[in-house]
Structure formats: structure tokens, C-alpha cells
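Each of the next two complexes has subunit A plus one more chain, namely subunit B in the first and subunit C in the second.
Right, the complex of A and B next:
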């Protein structure tokens, strides 16, 4: 009977049970959450550009907020939505919510319930903001609202006729907007808003997307896209900017800023992945070297 | 005739949309809007078609008791339950008049307490599988894989504050790391190209040493010396090599779309009409 060779430590390391990896990732996520590890972020130019664009808008400007995402990307995108609304409300802008995703309306409602109504009680529905809701058709919807919202939106989400809503009195189409601030989890999303909305009307477009989507949108920045936020880190950067810019309102309170709180687990999880990548490669090279030596000794 | 009419419609609509892109004035812009509305109406019908298809596939699976029919049963139960509470607006404050998302509506409750946590859970599992897969598969097996691995490590580091902290507390560390990598690559060539290899190692070593020492001297004197940082490197990767690749892909896709659209408009591409036997 042939003698079974015991695998070397490096070979065993290469074939490590994946449940160990799962355990490390779980700990990397749970520990910072348990100890409330928060990290302040420094804004990148793409994120700073969105912040500055909102700061430059005169109070009372019309800002369209299409929320095109669902619960699967909520951890990354909901903090962006909340931050945009916080910032826009601080600047006293008029908000127009709509969505090209069926799940977008429920996500809009979350921001409206948790941020707008809780923190900005002076904001009144119909006068300062409106929820137009979802319409099917993807980029087709954008093409229609370019000239007139009323063609597709005869009423808002509550069934109130558009013409009876005060905020809609001076708004006809997309050209009446001063900024399009999209949050997108895929298709249709920010790319479609640039191509069919911003490019056709000249209205500046900016927005936030998931981290995996961001590289696809860099070709549009800074020409067709005023600013871009990719993933949780960018959301945390924006929250840091808000805390710095509106310190009298937020002080050192990071409790309401979800992205800053979530960056702790993400940072540690990234470090664990880096560690595994390095260990995996060391084990690979070491076992490759030892097998080469074994082959040489057999040849001799 | 069955083929000529759809081909004619495609040609006329295609030409109108094409003209509208260059002449956004009446009647082309109005025609474009009308056609877009038609598209939106058709898109709404697609929901019914999608729902019908879903029901057909899963109900057939359940009726035949095919393997995994239990999952189909759960899918159908969820589908019909959401459809019923959505269509009849169950639990809302004012009968069928209220919005789907109104407080107390069962539709919103199902969304908040079932759909949302289930979707988030499924998506969260990615973190575990990505970590496991990258450990097993992300190896520096050849030159291309090594470049990809180094870029991935830098981006991963840059997405955390550790990347910033690393090069802020230890300025020049990144240059040192790159210097070491270059020196290692040069050392690998030592046997075949001894003098080239030694001169390269010497040059890299001298440059990194002098630059780092010079940098620290200026920093110690209170000056501002620009040293490479992880965030800078991440930014460079994103806006130079990554962007160039993305642009190349986008231009390729756009050329493909243009040629495919022309084939459709001119009736060369007819696969969307189905086969003659249909």
C-alpha cells in the first residue's frame, strides 16, 4: 500500500476550509458594530463636487431626486439618499421625488419618513416637496418628462391631481429643474439620466451609485456628470462634509449618519480580505517552490 | 406581407428617432414623445406578460412535481400574496383610494418586513463568498494576474482609512514598496542580464533612498514635500488606466449598437421577427 503523503502547512493553508474565512468576515463585521467604531472620512473631489454644487444653488431651486434602487443596495445607497435630502433641506430647496424602479417609491418613503418629516418639520408636502412615484418604461419615462411631467404623471403617489399641487404650478418638464440628483442601483439609473435627461436639457446631473457601478460612470465625470458618489465610502465622505459644513446642527452626533457607522465594518472586512489575499499568495508561492524542489530531487 | 409591415414600421420609427436626435424641433420632437409614450404603455404591459410567464413556469413545475417544486410553491405564494394585497390595497386607511405605501397598508408591511430583509440578506452573503473566492482564486499566477492583484490590493486599501493613515504616518512607504518590487523584478533577471539587473537595482535603490531622505528632511523642517499616498494612487488608477479601459469598452459597445441599429432599420437584421415557420 502506497504511503500517503501528509500535506505541508502551506498546502493546508491553501486548502483552508472556507468556513474559517466566513468566520473571520463575520467577526470583522460584528466587532466594529458592537464597539461602534466610526471613522471620519476625507472627501474625494468627485464627492466634494456634489456638495459644492448643492451649496451653490440659490434657495428655492428645483431639484429632481429620482431614487432608482431597491432594498438589495439599500445599505450603500440609503445613506446617500438621506444625506442629499438633509443637505437640500438645509439649503431650503424644493424637492421632486420620482423613480424608474418599482421598489424606488418604498425607498423614497423611507427617506421622507425618517429624515424629511423627522428633522425638517417646517417642510410641507405639496409646497416644498412632492412624491411623483413610479412609472414603468425606464429611459422612455425620462424622454417623456423632458418636455412635460403631466404626460405621464397626472397625479402624485397619493392620487392628488398634479395641477392641484402648489409645487408643480411652475414646473412643466425636466428643463424647469435646476439639478438632477439621482441615486441608482443599476439599470435604468444614473447613466440613463445623463444620456436622456441631462444631455438633452442641459440640466446638471450628479448622483450616487453602488461601488461596483462607479467605475462604469467615471467616463462621464466631470463633463456630463457634475459629481459622482460610489459606494458606502463616498456616502461616508458626504456625511463627513455635512457634519463639517453644518456643525451647528449636527455637532459630533454621528448616530444619524449610517454610512459613517457602517464604514467601521467595511474597513475591517476589507483588511481581512487583504490579509487573506496576501496569505493565500504566500502559501501559493511557497507550495509552488517546495513542489519544484521535490521534482528536482526526484529527477536527481 | 406578414414580414413587410413590421419591417416598414421599424424603418419609419427608426428614421424618426434618428432624425429627432439631430433635429429636436416639431414635428420630430413631438413624434419622439408620442413614440416614447407608446413605449411606456408597452412597458406597463410587459409587467403583465412577465407575471404571466412567471406563473406559467412555476405552476407547471408544481403540477408536475418536478425537482425543487417546493421553491416554486414559495415563489407563487409570495407572488400571489403581494399581488392580492397590492391590487386590493388591503389594510389601507381609505379603501382602494390610498397609496400603496400608505401607513398601515399590508403591501408596505410585506415590503418592509419580508422583501427588504430577504433582499438585504441575500446581497450581504456576497461579502462572504467574495472573500472566500478571492482567497482561492486571486493568485499572482502570471504577469497580468500580478498587475491585477496589486491594483486590487491598492484599491481595497484605498477604500479604507488605513490606506490614508499608512502613507500619512509613514510618507514614502509606498515608493519604498514599489522600489522593492522593481528591485525584486530586476533581481530575477540577475542570472541572464547581470549588469543590467545590478544597475537597475542600484538606480531604484538610490532614487528611493535619496527621495525619501530628502522628503523627510523637508518635512522635519516644517515644509510640504509631496510623497505618493494610497488615496492618490487609487485616484490615479481610477481616472487613468481604469477610465481608459472603460472608454475603450464604451466606444466598442456604441459602435456595436450603431451597426446593430442600422441593420435593424434597414431590415438586414430580421431575427426579432421570429422564424418563417412560426
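Right, the complex of A and C next:
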């Protein structure tokens, strides 16, 4: 009976069950969460540009906040939404929430309930902010609101007629906005706000997107896009800017900043992936080398 | 590992998680599902999360149940939002404002006649679109579809041409050398390198997609450079994708260990 050859260490490494990799990734995520591992963030120019743009706006400016995402991208985008609202409220801006995604309204409510109402009790609905809600139609909605919000928004999300809301008294269309700050989980999203909103009206557009979308949107920066935040890393950078800029409010209380908290697991998970890539490649090249040697010895 | 041992391991692992959750909850460490509606929601969300994650091990009925539920709930949610946020205030509210105001939602009673007639046109087009479901005359649905396609093509063509072409061409025409008064030889070396990579990378990628001339000699070399540029772009996009997916995993793990099991502090 022929003796079965036991696979070498390198061959075993190449044939490792993918479920072991999943387990390692899970551990790489859970352990930093348990030990609250965080990493200092330094803002990139694209993120700093958004922060600076908000800082430069005079108090009482109109900022449109289209929340075009849903729960599926919440871990990446909700920290951005919360940070924008925190920053805008600190600068006393007027906020106009709307969404091109049906799920965006629930996400808006999350930010309003957990950030705006909890931390900024002086902000009053109707006077300082309004939730216009969802309208279907994607970029078509943007096309319409460029000239007049009232064509599509007869009432706000609570059913109050638009003309009875004080904050809407001096607002007709998109041109009355000073900044469009979009958060996008896909289509329709930031790209459509650039094409149909910003480029058409000249109103500056900036925003945060999922990491998957980010490479497709970088070509618009800095010409058509005032700033861009791509994925969790950028969200953490923005949070660190807020902590630095408003240290009297956030200096000691960093628990509320979810993106910074999530960057620890993110970093460790990336290191595990890199480790597996390196080990996999070493195993591949080593086993290729040994099989070549075997072939040569057989030929001899 | 044979199939039976594998099944035993899975059942054992799931059993351990459930047992731990029940004991932990009974000890008052979690908001138990017998305490409040929110607690029940958290338990159900945890069950669905674990059902979806179970696909990493293998396909199974729990995964398929969670997947089907997700699709169904998403479709229903979008439909309900569409009805209450668009059809009722913007269509019915313009056609029969008094009725809508009395029975459904607050809308302005004073409707512009042009808006009302436009709403009527939209209603007719919408009904024609639904004609597709009728046993006869399905071709009628092509008319409103033609309006949708025509409108989308018209609006998208102009916007894409402006935003994705003309406005993208000018930023690509940049000086190849960035001057600097303080840097060595009066040149901002990083800025210059960025400009060179941008311009030559763009040209190389464009030449790769230029098929009217055979890619040989100098053109072949540049085209090969274009492939490298594309590969680096795909690599960056893939890196970003990994970051996005890990972020979602972190979100789910936070939910399981912080919100549900409460073994890790917020």
C-alpha cells in the first residue's frame, strides 16, 4: 500500500478553512472593543476642508442636510451625521433635514433624538431646524427643489404645512441654502447632489459617503466638492477635529464619538487581514518553489 | 471533521450563546425580553444578526429566513413611505385637498389649478404604468415608460455632460511644475510629483482605452502604464471596500456585545 504523503506546513496554510479567518477577524474586532483601544487621528485635507467650511459660515446660515442612507450603512455614516449636527449646532446654524432615501427619515430621527434634542435643548423645531422628510424620485427631487421646495414639500414630516413653519418663511429653493452637507450610502446620493444641486446652483456641496463610494467621488474634490469624508476613518478624523476645536465641550467626554471608538477594531482587523495576505503569499511562493525542486529531481 | 461532529459543534455553540444570554438576562444584566417591548426588539434583532452571520459557516434555514424577512420588510417600508410621503400629500392632496385634510394629512386647501392639472396628468400616467399588470393591452404601459425614459435621458445627459465632463476636464489641465518660494530649487516637489502623476496617469489610462491604433511600441508601453494606473485604482477601491465592510462588522459586534449581551461597556 502506497504511503500517503502528509501535506507540508506551507500547503496546510494555503488550504486553511476560510472560517478560521472569519474567527480571527471577529476576535480582532471584539478584543479592541472590550479593551477600548483607540488611535489618535490626524485630519486629512478633505476632512479639514469640511470643518473649515462650517467654521467660516456666519451664524444663522441655512444648511441643507440630506440624509440619503439607511441602517445598512449606519456604523459608517451615523457618526458623520452626528458630528455634522454637533458642529452646526455649536455654530448656531439653521438646519434643513431631508432625504432621498425612505430609510433616511429614521436615520434623521436618530440624530435629532440622540444629539440635537439631548445636547442642544435651546434648538427649537420649526425655528432652528425642520425635518422635510422623504420624497421619492431620486435626482428628480433635487431638480425640483432647485427652484422651489414647495412643489414637492407641501408639509413637513409631521404634517405641518410648510408655510406655517417659521424657518421656511425665507426659503424658496436650493439657492437659498448656504451649504449642502450630504450623507450618502449610495444612489441617489452625493454624486447626484453635485450634478443636480451644486453644479446647477453654485451652492457649495460637501459630504460624507461610505468607504465603497469614496474613490468614485474623489475626482470631484476640490472643484465641485468642498470636502469629502470617506468611510469610518474620515468620520473619526472629523470627530477628533471637533474634540480639538471644542475641547471645553468635548475635552473629557469622548464616549459619544462612535467613529473614534470603532477605529481601534478597524485597525486591528486590517492588521489581521494584512497578516493573512503576507502569510498566504509566503506559503504560495514557498510551495511553488518546493514543487519546482520536486519536478526537477524527478526529471533527473 | 465529519458532518455529524460539525453539526454538534454548531448546535453546541448556538446553545451556549442562548444559555449565556438567558442566564445573564435572568441575573438582571440585560434588558430581558420579558421586561419591555424594546427588550424584545433587541432580542429579535440579535437573533436576526446571528442568523445572517451564520452564513459565514454555511447556508442554513435561519439565514434564509432572515434574508427573506429583510427583503420583505424593506420593500414594504419603501412602499408605505412612498404612499404617505408622496402619493397622499402631493397627488391626492392636490386633487382632493379637502378630503385629504379631513381624513389623512394636513395639506394646503388652496391649490394652484396648474398644479392640480399636473397632478391629474401624473395620476393618469401612473395608472397607465400599472396597466402592465392587466391581462390585455399591456403595451399601454410603454407610454408612461417612454415619458420616464425620455425625462431621465434628457436631464441626465445635460447634467452628466456638465458635471462629469466639462467640469472635470479643466481641473486636469494643471501646471506640471508647482513653484514654491521656500522649497529647494524653488519647486514644490510633492506638488509637482502629484501633478505629474495626475496628468500622465490620466493620459496613460485614456490611451489604454484608445483602440483605434494598435498598442505597440511607445503606445504599447504607455498603455501598459495605463493598466498599472487602473490596477492601483482598483486596489485603492478594494482597500476602501474592506474598510467599509469591517466598519459594518464593528457595528454589528457593538450591537451584540454592548447593546444585547451588555458584556462590554458603551
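Everything that follows uses one rule, which is that the second predicted complex is superposed on the first by the 297 of 300 C-alpha atoms of A that agree within 3 Å, B and C clash if a C-alpha of one lies under 4 Å from a C-alpha of the other, contacts with A are read in each partner's own complex, and residues count from 1 in each chain.
Here is the rule we go by: contacts are C-beta pairs under 8 Å (C-beta built on N, C-alpha and C of every residue); 3 or more make two chains touch, one makes a residue touch a chain.
None of these values were measured; they are calculated from a predicted model.
By the touch criterion stated above, A:161 is placed in contact with subunit C alone, subunit B being left untouched.
Judged by the touch definition given at the top, the superposed model places A:282 against neither subunit B nor subunit C. In the superposition on chain A, A:109 makes contact with subunit B only, while subunit C stays out of contact range. Of the two partner chains, neither subunit B nor subunit C is touched by A:31.
By the document's definition of touching, both partners, subunit B and subunit C, reach A:136. In the superposed pair of complexes, A:42 makes contact with subunit B only, with no contact to subunit C. In the superposition on chain A, contact is made by A:144 with subunit B only, not with subunit C. Applying the stated contact rule after C-alpha superposition, one finds that A:74 touches each of subunit B and subunit C. In the superposition on chain A, A:249 makes contact with neither subunit B nor subunit C.
Residues 22, 25-26, 29, 72-75, 103, 105, 133, 135-137, 140, 143, 151-152, 159, 200, 211, 215-216, 219, 231, 233, 266, 269-270, 273 of subunit A contact both subunit B in one complex and subunit C in the other.
Partner subunit C is touched in their complex by these residues of subunit A: 19, 22, 25-26, 29-30, 33-34, 36, 72-76, 102-103, 105, 133-137, 139-140, 143, 151-152, 154-155, 159-161, 163, 194-196, 199-200, 210-212, 214-216, 219-220, 223-224, 230-233, 255, 262, 265-266, 269-270, 273. Partner subunit A is touched in their complex by these residues of subunit C: 56-57, 77-78, 81-82, 85-86, 89-90, 93, 105-108, 115, 151, 155-156, 159-160, 162-164, 167-168, 170-171, 233, 236-237, 240-244, 246-254, 257-258, 263-266. Subunit B meets subunit A in the complex at residues 24, 29, 32-33, 36-37, 39-40, 43-44, 46-47, 97-102, 108, 111-112, 115-117, 119-120, 122-124, 127-128, 130-132, 134-136, 138-141, 149, 152-153, 156-157, 159-162, 164, 231, 235, 238-239, 242-243, 246-247, 250.
Of all residues in subunit A, only 16, 18, 21-22, 24-26, 29, 39, 41-42, 44, 70-75, 103, 105-106, 109, 133, 135-138, 140-141, 143-144, 147, 151-152, 157-159, 200, 211, 215-216, 218-219, 231, 233, 263, 266-267, 269-274, 276-281, 284-285 touch subunit B in the complex they form.
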